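In what follows, structures are represented as structure tokens.
In what comes next, subunit A is part of two complexes: it sits with subunit B in the first one and with subunit C in the second one.
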Partner chain A sequence: MADVTLMKTPAETALAQAFESAKTLLPGNVESRAQAFELFTQRGLPHRRVEEFKYTDLRAFLREIAPFASAPSVDEAKAALADAKALAGIEALQVPFVNGHLVREAVDFHNLPENVEIVPLTEALADNHDWLAKLSPVKWASENPVYQLNTSFMADGVMIRIAGPVETPIHLRFVTSAASAVATATRILVVVEEGASVTLLETHESTNGANHQPNDVVELIAGDRTNVQHVRVNAEGDRALALSTLAAKIGGEAVFNSINVVAGSATSRHQVFAVLDGENTNLRVNGATMLKGTQHADSTLVVEHAAPHCESRELFKTVIDNEATGVFQGKIIVPHHAQKTDGRMMSAALLLEEGGSMNNKPELEIFADDVQCAHGATCGQLDEDLLFYLMARGLPKKEAESLLVQAFLGEALEFVENEAAREALIGTVEAWLKARS
Partner chain B sequence: MPAVQETIDQVRLIDVDQYKYGFETEVEMEKSPRGLSEDVIRFISAKKGEPEWMLQWRLDAYKRWLTMKEPAWARVSYDKIDYNDIYYYAAPKKNPAPKSLDEVDPEILRTYEKLGIPLREQEILAGVEPQRRVAVDAVFDSVSVATTFKEELAKAGVIFMPISEAIREYPDLVKQYLGSVVPVTDNFFATLNSAVFTDGSFVYVPPGVRCPMELSTYFRINEKNTGQFERTLIIADKGSYVSYLEGCTAPKRDENQLHAAVVELVALDDAEIKYSTVQNWYPGDAEGRGGIYNFVTKRGDCRGKNSVITWTQVETGSAITWKYPSCILRGDNSRGEFYSIAVSNGMQQVDSGTKMIHLGKNTTSRIISKGIAAGRSENTYRGLVSAHRKATGARNFTNCDSLLIGNQCGAHTVPYIESKNATAVFEHEATTSKISEDQMFYCQQRGLSEEEATALIVNGFVKDVLQQLPMEFAVEAQKLISISLEGSVG
Partner chain C sequence: MLEIKNLVVQIEDKRILNGLNLTVNKGEVAAIMGPNGSGKSTLSYVIAGKEDYEVLDGEILLNGENVLEMEPDQRAAAGVFLAFQYPLEIPGVASMTFLKATLNAQRKARGEDELTTPDFIKRVNAAATQLEIPKDMLKRALNVGFSGGEKKRMEILQMALLQPSFCILDETDSGLDIDALRIVSEGVNALRSADRAFLVITHYQRLLNHIVPDTVHVMHAGRIVKTGGKELALELEANGYADYRETEAA
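Now for the complex of A and B:
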């Protein structure tokens, strides 16, 4: 229900001011930004009365808007990247961003691996590049206020075209190193041409624990018979408010496999909007979330089976310690013509201590009569019997718990095809558990 | 796989054009002035001979209602209702408050005969087949026309009477409990009901009493341009037990009629209430013309420890259903259950489900819901399971299946699962085997397939309650629960 907002919150007013002063300075066409901002303004910051934000009240979380970050100097960027740890040591083509701005010096645009083409977004916007027409491929994202904010403010990003098989993973590395809180808005567009394949690594971190406000969007257009592997890590600082969107449109007989691992941020919301646009495509979207203290993490998912004979699997695992809050909202949409769809969505949460909360909303919207869609949701404590079994074998309680939590999250991680990335993610889980005990 | 033929046939039997209760009874009616105003509320209150406090209660609700907005979150769409174009009160002109059955208009008696509702006690006693006895409260538009077995129930201490009578005779009980489960301000339709409710049943079962027979209310909408706003209040005192059934039908008409009821159940320590509904309001025709708008607030409060409330519903009627029978599990060890079969045909729209709110320790709940959509209908399950901070050891198991027949219809599931307690264990359709691995094993060992075994066990829950339905309309319910959900989409 779209409530009419007459009164603007201070944050909304700040956003409006920020947009007014930034719109002419930001690269590219003002028109499309203004359009997006107008759409955002119509409904304002979403709050708990807005169904999609029922459990993540952005109006309450976003009371103050941090100033938008300016581009860092070369030295600053170098220093920030030297400190970056997330998925470090994995051989990949590095595409780094510091404070939401592409570090051009770090990318050798003329010597990219075979089948890879990269255009900085600022350039593309300034030159009115052909590829810009490919932005916003998914309507579910375009209707979303977080995405609209990103479209209004996006200051930098890259457009990547994959023309054939690419062996080396591409690592989109986002580091925020500004000393005090900044807001960033980045946009990545990845176009994977028919028959091509690529692995995308995407990491978000901060060199300090300031309350940064990143809003990142990755858009993917994958053609027929493509294979895209996507690994995302949120390792933002403990005070960050991180909003992110993945909008993907996948062709037929393709494979798309995406995982989001949350190990940071005070408040985070990762939204996935996926449209299966060709037959016999296989989608997997997983999530592994580790929360402690008073952290709040939201995983929101919309999968539209726009073509028949597709299979989708969604598995979200959330571990909640202390007084943290986990949110999972998933929706599988199967229109009339999408017969023989096979969709399975599962959310499981572990509450380790009294005081934690989990909100699950696994939704199905089905209009076709010859499909299989299942959804499940569980939440509860660690299995007492299993704990007892391990403790009876001499493991201290914390260790036994750690082992079980690892196994629990492991189920979501095991689908990561890139072995080095998978190992690194398991390492992230271990580090989280170690910090706990 | 698509639905099996047997299921398609069974659903066809209850398609919208097969509606059997669409006849109209010619009775001269007395109505309130059209529309809603303080005067109309005073008119209703005066007709019912209500004390001043009740009138005040209604007027307060009305004032509140004027400030409220009609909810729009449900997955149903309909033309705006003109609340000033409805008659809020309609009662047979001839003797609206008959003292005995002999005084009831024979036309009305014939109506109930046609509907198969036994109103004459001796007939029931002299029945050819030995039947179980059922006490019936028959509500015709805005008034209760007959309540059977009142004396016999009174001997056991059970109070069973129209609520308007209870307001006069047992004001203290009514005052204590009315609005205590569904507050006047609860939601748009409940507030409207609080302002204009006309009749419904009142049940009080004293401590330790097992109600000697089934109680039931049969709601019939008859008059044109009216709405029915019934209010039911059932109180099961400590250690008591009562089973209550509710049936509803209406004539075929091209207009949409509003039915906005409120049902409140209160179960004190160790008490048990079984509440069963066979909702068969006129669903409209195949093109979606006419039919009842069924906007109902039903809620049970397991107020005492070890109390149990069971909701069973078979939903086949209404153009639009907006209904979420809920349980507030306040007492420690209390239990809430919800069994539902909702079949939608034609252009029907169903948005129904339940809420299980776990507040007390070791509270348990179970939700079994089956939705079957055919024709061009939309069938949504919407349910909430929540555990609050103090609901240590709460447990829920939910299983909701839906089945589509044809690809013109839609089946949707919108579950909300909220846990604020680490020891609460919630499972939403995790796996079928979670029903009970032992039971599954037992059935499969005897040669049943997994599907058959699941059906048997799931149906077993529902049958257990539904087989108790004594009325004619229960036959349909029985047929419905045997419907196979083979090929269900999830």
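Now for the complex of A and C:
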């Protein structure tokens, strides 16, 4: 029997070498990392013939692997955080990361707000903490190569337990300040206990001009009657290749709202895997993406209605200027027992110039027979008649366009409950539009 | 104030205006009446600067300046205002946001300071009260879910705020009930002044009972075919446009 050797791309070879040299240095059990890396290696970097990566060919995008970032000095970290702008000025408990490493000095672990407990991931891994068993709650994520890479390389993160109502938002702030390209892998686990509530702000920013390669995972396990609001901002540098995953398992009678706003990175892919695991739960996942130049942004979504009587709403808005490319892949899964499911998924793209492109792939997989599910996808240009109406009232063309773009994206932002965060997101849109004109 | 000379306009190879001549003086209210398809709405769009129309010949002078060389926003800043026959709905843009953006854009174009928010709100409230526009309507997205009458009142509100010097009312009476017609007309009449001219486009004499014109022009096949005083409107109401059709055929 002949041995079959699969050809590896240079990037895959580099990843294998990086894993070999890093695996014993990274915190925690080597075996579980090795298992994840083995799963990744079996299929390698996903490419366009892999259905889920048809429009975002990672093999083509990831030709070289940047070196994994080492922890910054305290001074470097402080300087980087002082310059951080994303959702700045919003009153929140700051949990900052610089170059993919938790800035411990910035978190007062012994004096956290009521109902909040935080354990650094490195400690949890080293001590084989009980909570580790809660990692990887969603199988759709575990099967995903981007997630498997994160599990193999995750170097830092936090595990957060919310035991009751928490008023102050928790801001997970990720800043990469390295001047040359680095790779990072962070893992956040948030466990929200029955009846608890919390607002999570998550921002990612990095230096321009460097091909940074962040791979960030946030996992959420929310119990029954929980309320979790999640606002995520991708403000990565202009050459970053940003991969991110949100894996959420939500109990019954709960509310989970999540929005991802993309205003940065050369290439990005944000994956949401959500499982509605109890009845009468309400899920909303939105996206607002602003692209220009040759940027590429992918929003991939899987929502599994694992319990009956749940409602999910997904609204993704993408504005595409110049020759940028947007991707939306959304799938709602309704197994046979999930009767009375109400799911609606919509992706709308606005192309401001000729030369941009949008790939929409909405899917419904329904096995139950008493459900209401709908999906829609649109691609269009700004309405000429509306533009004329605004110009006839005195708005110059660029301003008229900006007003219509703001209105278009605004629909995806308006459900954000935290007013300061919503205002900041509107500010992000305005800044993007201002840079355009 | 407005002088149109030999205006020839086509859209997709179809000739709509055929050497139209029209003069409207400062302080004058001129009405244009004419049958469907005579080119009335085209005329209003061409003055305001809609792109779809191809001007083959002629000129439109506003206070001596050729507006055909200006973008629609520049025409607005120069004093042109078109009250649309069908005002557009703009989901996601609050009416107040829209009003403030337009007012300040025009002020900026004319080299004036932007209005402060209290000053702006004062002006909006004054105009809204006169036009019987409830405040909650101003908080809603522009024209979204407004009735036909509410949309037309919102057009006149914009006119009152922007204080243009040349106002075009394109079939402002269409879709209005008697009360709304009265409110809208009172709003327009309040804006009549020696420095401002109006071009009122309508099918029916009814509107001209409320907004009494100084001159009435009859438009047919892309040209002004007759001009007279306000009594001409009554004549048209009695006899219809048949006389002018026959003139054309002859």
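A few points about this structure:
As a working rule, the second predicted complex is superposed on the first by the 429 of 437 C-alpha atoms of A that agree within 3 Å, B and C clash if a C-alpha of one lies under 4 Å from a C-alpha of the other, contacts with A are read in each partner's own complex, and residues count from 1 in each chain.
We take it that a contact is a pair of C-beta atoms (placed from the backbone, for glycine too) under 8 Å apart; a residue touches a chain by one contact, two chains touch by 3 or more.
The structure displayed is predicted, hence computed values, not measured ones.
Within the superposed three-chain model, A:V371 lies in touch with subunit B and out of touch with subunit C [touch as defined at top]. Touch criterion met: A:Y389 reaches subunit C, while subunit B stays clear of it.
Once chain A of one complex is fitted onto chain A of the other, the partner contacts of A:E399 are limited to subunit C, with no touch recorded for subunit B. When the shared chain is aligned, subunit B comes close enough to touch A:H336, but subunit C does not.
Touched residues of subunit A, counted separately for subunit B and subunit C, are more numerous for B. In the superposed model, A:E354 lies in contact with subunit B only, and not with subunit C.
Once the two complexes are overlaid on the shared chain, A:G410 sits against subunit C while remaining clear of subunit B. Of the two partner chains placed by the overlay, neither subunit B nor subunit C lies in contact with A:Q94. In the superposition on the C-alpha atoms of chain A, no part of subunit A is touched by subunit B in one complex and by subunit C in the other. Of all residues in subunit A, those touching subunit C in their complex are 384-386, 388-397, 399-400, 403-404, 406-408, 410-411.
Residues of subunit B touching subunit A in their complex: 1-3, 72-73, 389, 402, 404-431, 487, 489-490. Across the complex, subunit A meets subunit B through its residues 1, 51, 334, 336-337, 339, 343, 349, 351-381.
Listing the residues of subunit C that touch subunit A in their complex gives 48-51, 71-73, 75-77, 80-82, 84, 87-88, 90-93, 97-98, 101-103, 105-106, 109, 141, 158, 162.
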